[in-house]
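As structure tokens, here come the structures.
Here chain A shows up in two complexes: once beside chain B, once beside chain C.
Let's look at the complex of A and B:
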């Protein structure tokens, strides 16, 4: 009868975690965030500060005022764009880790257009810049697929390597051919007013890119869930051989998924250059290309989840600085919370097992 | 060990393993309902049942992978609780899975060290293990070299490595899950010798199978499972293949198949002309295959596994490109066509490895049904999926092919093997193909599902399709074919009409003997 007892208990935990894993993936993400905040609170206590005060400051810094919300959304924008693109690529099992490079090349391409055609009217120049940015990002991504198909080269390695090549190439460009005359900094001249995305909320920096982003979230969702293309991406990503045997043109799927992913990363670059810096600079991204990938995973490869995850990460980054100034907690504490979220989230399959093992061994000892 | 097994049957105290009243539920589905199983030392116990009958579930309980909701397990007179694979191992239960759990790049000894702290942790003493393994291998006549790299070993030898692994871990009860499904007849005979050898030394063997002839050949006693219940527990001498078949599927099944002959002037729908394939190691795998399949004909390619069948099927389905040669279907040259063009020309492909090439386990049945037709009306309209059309299309296929499931939204991985194959068949045959390429279509299926698959192939034949059946199972070949070709080392050695073929001459040709 003792056996029965442990069995029931085991299966209860098992079912509990099973449910958490399968039926409500969404809640698992939320749970990961809450758990990370909890651990963060313990750490803040250990530093000798008040976690409630700290989190209040964090909240006020990211959502407390109109300007704070605008800044949070500004941060979320490149993360969400990169994350949406990565979502499509990952669903096709194309491991595009080159989003940072694609973001840089997209920003640069947009800058070149803005500098070359400064007098074009805004309604022509901005779309042209966007097209250039998306095209450049897509081509850079496509190169990795070309190498994968032609030489069976792993796209994950290729895209990581290409990040460095591209970032140094861009760095050379902004220190050389497209550098602002007379400036010692790695930056181009300021874009003409027609090459700057207009601000849509007074007294903030929030620009019209947010509207484009929301439209893209809906489009991506529609493409993935409702179209044949999205279906074929899903199928190819799950079983490439069976898809190929069933007549799906898997090469075309790989290319199109990567093009999409690269294009959105490129667009994120344009938003940064045109919407925030108003010029191309050497350090256009503070790792948005990488964090965007994390955002895609935390958002469960679901466009709406990605948007929420991007806003969360944006808020954490923006709130961190106000926490630092108001409570005196180093903003790296927030980076820690960010990556705790990632670790807890990635470990979601390991925890139930550890939990179970812990309990069975405890029962045995008893 | 003495050999008084007969008197032991009545004395449960001497049983090595007793499973009593085992009940396992998967949600609402009862996989094992009050199942009893008794195994004595030195006994070969066959566990016979269709796919989905609950054989694997029962063995998972023994392996410590599943907790039964009810029942008890007694090993060597002690009631035990098996909570983990480690517990199972400690109790002397060893499992040889259908799909081997070996790392191809490592040696036999290295493979066996994995997960065994007793061989030294964290750095196992491989040298010592090698010596012990050689000894053990000799003792049980397994003929395994512990220093060999696993990937260089034949399938039969890899299986013996798995047996050796179990023995090394102290197994006294060996569970062999469908062990012959991947073996040649010669390898099967070798395996049976080993099983007899093991039981002579007092080990017990649980032999899981749905092949009646093998069960009759090897086992001492037979437990038959059907839909989670034990339908019979008998000694081999008390029963016949026919009776077992009925116990297993619950009904008489038809073995006679009435085929009207193929008309002499039937059109040759499929022509293979000098198909040759040289692989990346410069090995000539296919050497000028010439073959035709007529409309309304089943043409079989018989042969032992590994004589170029896989490559031939891949070339015909468009996954692999032949080095030279021509493939025409209904007058259309498809030699360089993509898989999609081949499907559009009327090819249906039933692959031997359905999990790898035929379906996507992780997706719903609906998603699996439309994988080839996602671009066609009414499944999609201008690139947009039509959910209602997909659901009704899927539900029709489920009905027509009698696929047992709760809903078409459930994942394909939740279906039993037989129903998974039905899913593939339903999708492939619903396109009204003119050429059905079926490779080992009944592989791993139980009697009932096999019969269903065969019936469907014959329906295709009678409807005027050309059917090319690639099979290693002689029974299947003789049951279904109009003509039989034998493949050996990438060559067709002979093509014989079924009426003129005998098991003996086909069997000899399969081993490469062309003249007597």
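Let's look at the complex of A and C:
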């Protein structure tokens, strides 16, 4: 180490600029949120409601009480899990849009384990359910990669098709083979106590899954930033041919990224079934698998960003229902605002361009 | 021969054939639109969103004005605007086309359910009179071919025309070649005087129009009502149709018809309450889509520059 001093300086500047760049990305996301909320306020005005009242209700519903915060975190959990998985997949340029189906199949697999082994002690049953859920989600995702590698079939289209197939299949299961006896509803029997994730905050529904989620955020961050695998994923995602030439086993990267993504989506399904519904139901997810994907985008494909984006979206969704009951604005307004945030964020480069054009046209006039 | 002809002219079989085409038209229109943008080197993953917007606006405007033709005209404008927005993001801002398309789809689903709720309130499901079937004299009496092709709505006949025009456009006109060269080798095309950026904008606007009209067909011609999420993945199926039909208008025509038939078959089988659970029937078009796409993907090659953003003159901004 001869150039120790300059090296340090280099890396210091490097880090400084990296930080500046990533923090400007962070400010872009905040800006996108504010702009989308502003547009939302205009829309709320247009339909004849008071936006300040509406947003107050939104805030109170999502962060106003301990229970509200718990509900926000509960809603953020599946979004963050799906988002973490999608982050890994997107970084590898694997377009896994099948997270909704993977969530459904994961929830179902966990339910089957819970119903088959109700007397197993909790410390065995819950991990077993998690394994089943993750395995099922990973296999479903893996199928799309298999078809991609073997037949050159587009994994994005296939994963979407699988969503429809799996959701109908699960609907048949909960109306048929695993339906609760004597119930007309599409649901299974309630899990035994051992198959339910324990609540960790009294008088709320917040369950221990949140701890698992936090650990997974750290693990994902570590895997992506500190391991060879994470590096290979990044390289493969940026330039598949170059990484192939560099000796990276691209197929293995595709499979592993998809397995990871599918497994986390499956786990999200188990959390919903075991932690919230305490059984498998037909409508186990209201689109978490899809929303989780854009959570990954808003989180800039960074595990910690994904967690923050998931909490934001969780808050918006939970707050939306209280906004609907208190001010009478349909909650779909918020789901629209959610996606608007992401669209504005994706199109962030438009602002410097417009700014530049505005200035050059002013210069020309002068 | 006689018994076959008799069988083909029973109402059930005739109904099946005419329904096959009716259910194929929306996918066909979207996929034909997809030929334009994909041949020009641009992905449009947002077809599903375009279609659902078309369904809603087609329905709402027809409901308000009482005229399906005004609604189709309005939907064309909406489709063009949406195409321009998509073009701005994908061509000018050069965002990731898959990512943007997926987000756009989710946004449009949210937007349509919000607007429907605002316009019609909760629990109301108004209906309009769908476009009437216009049987072509003589031709519609031919067994099999008659119900399939000639017992349809005017929009279906216009769709046939669009397929033919698209086929001529890509195989016989200089403009069609400009599109193809923009998708295969944009740098070379530019040196030959093709305005790649403009070509791609035109392509995505055409695609936007055809997708939204396809969506409007669902609500105004096929059913006469709007249901949330009524496109049910048809925009994504159209993407698969593009691969299966090798981005060729006739191939797309045939592939879309196959899916229309699968859809018509599952709807009819549901009515007859066989012992098959309905979930397995509803699955059928999606499963078929996967299977056929697997069979065709190996030999179907995408335009070389598909999904690659184009920098004019290779310069970085």
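Everything that follows uses one rule, which is that the second predicted complex is superposed on the first by the 326 of 366 C-alpha atoms of A that agree within 3 Å, B and C clash if a C-alpha of one lies under 4 Å from a C-alpha of the other, contacts with A are read in each partner's own complex, and residues count from 1 in each chain.
Throughout what follows, contacts are C-beta pairs under 8 Å (C-beta built on N, C-alpha and C of every residue); 3 or more make two chains touch, one makes a residue touch a chain.
These numbers come from a predicted model, not from an experiment.
K.L.:
Which holds for A:335: it touches chain B only (first), chain C only (second), both, or neither?
P.N.:
Touch partner of A:335: chain C, not chain B.
K.L.:
Which partner, once the models are overlaid, touches more of chain A's residues, chain C or chain B?
P.N.:
Larger number of chain A residues touched: C.
K.L.:
Considering only the touch criterion stated at the top, classify A:247 as touching first (chain B), second (chain C), both, or neither.
P.N.:
The answer is first: A:247 touches chain B but not chain C.
K.L.:
Which chain B residues qualify as touching chain A in the complex?
P.N.:
It comes out as residues 67, 69, 81, 83-84, 317-319, 338-340, 342-344, 349, 351, 356-363, 367, 370-372, 374-375, 380, 383-385.
K.L.:
Provide the residue numbers of chain C that touch chain A in the complex, in ascending order.
P.N.:
Answer in residue numbers: 45, 88-89, 92-96, 98-100, 102-104, 106-107, 110-111, 113-114, 117-118, 232-233, 236-237, 239-240, 243, 277, 279-280, 282-283, 286-287, 289-290, 293-295, 297-298.
K.L.:
Within their complex, state which residues of chain A touch chain C.
P.N.:
Against chain C, chain A makes touches at 47, 90, 95, 97, 147, 151-154, 156-158, 160-165, 168-169, 171-172, 175-176, 290-291, 293-294, 297, 330, 332-333, 335-336, 338-340, 342-343, 346-347, 349-350, 353.
K.L.:
Could you list, by residue number, the parts of chain A that touch chain B in their complex?
P.N.:
Per the touch definition, chain A meets chain B at residues 3, 6-7, 10-11, 226-229, 231-232, 234-235, 238-239, 241-249, 360.
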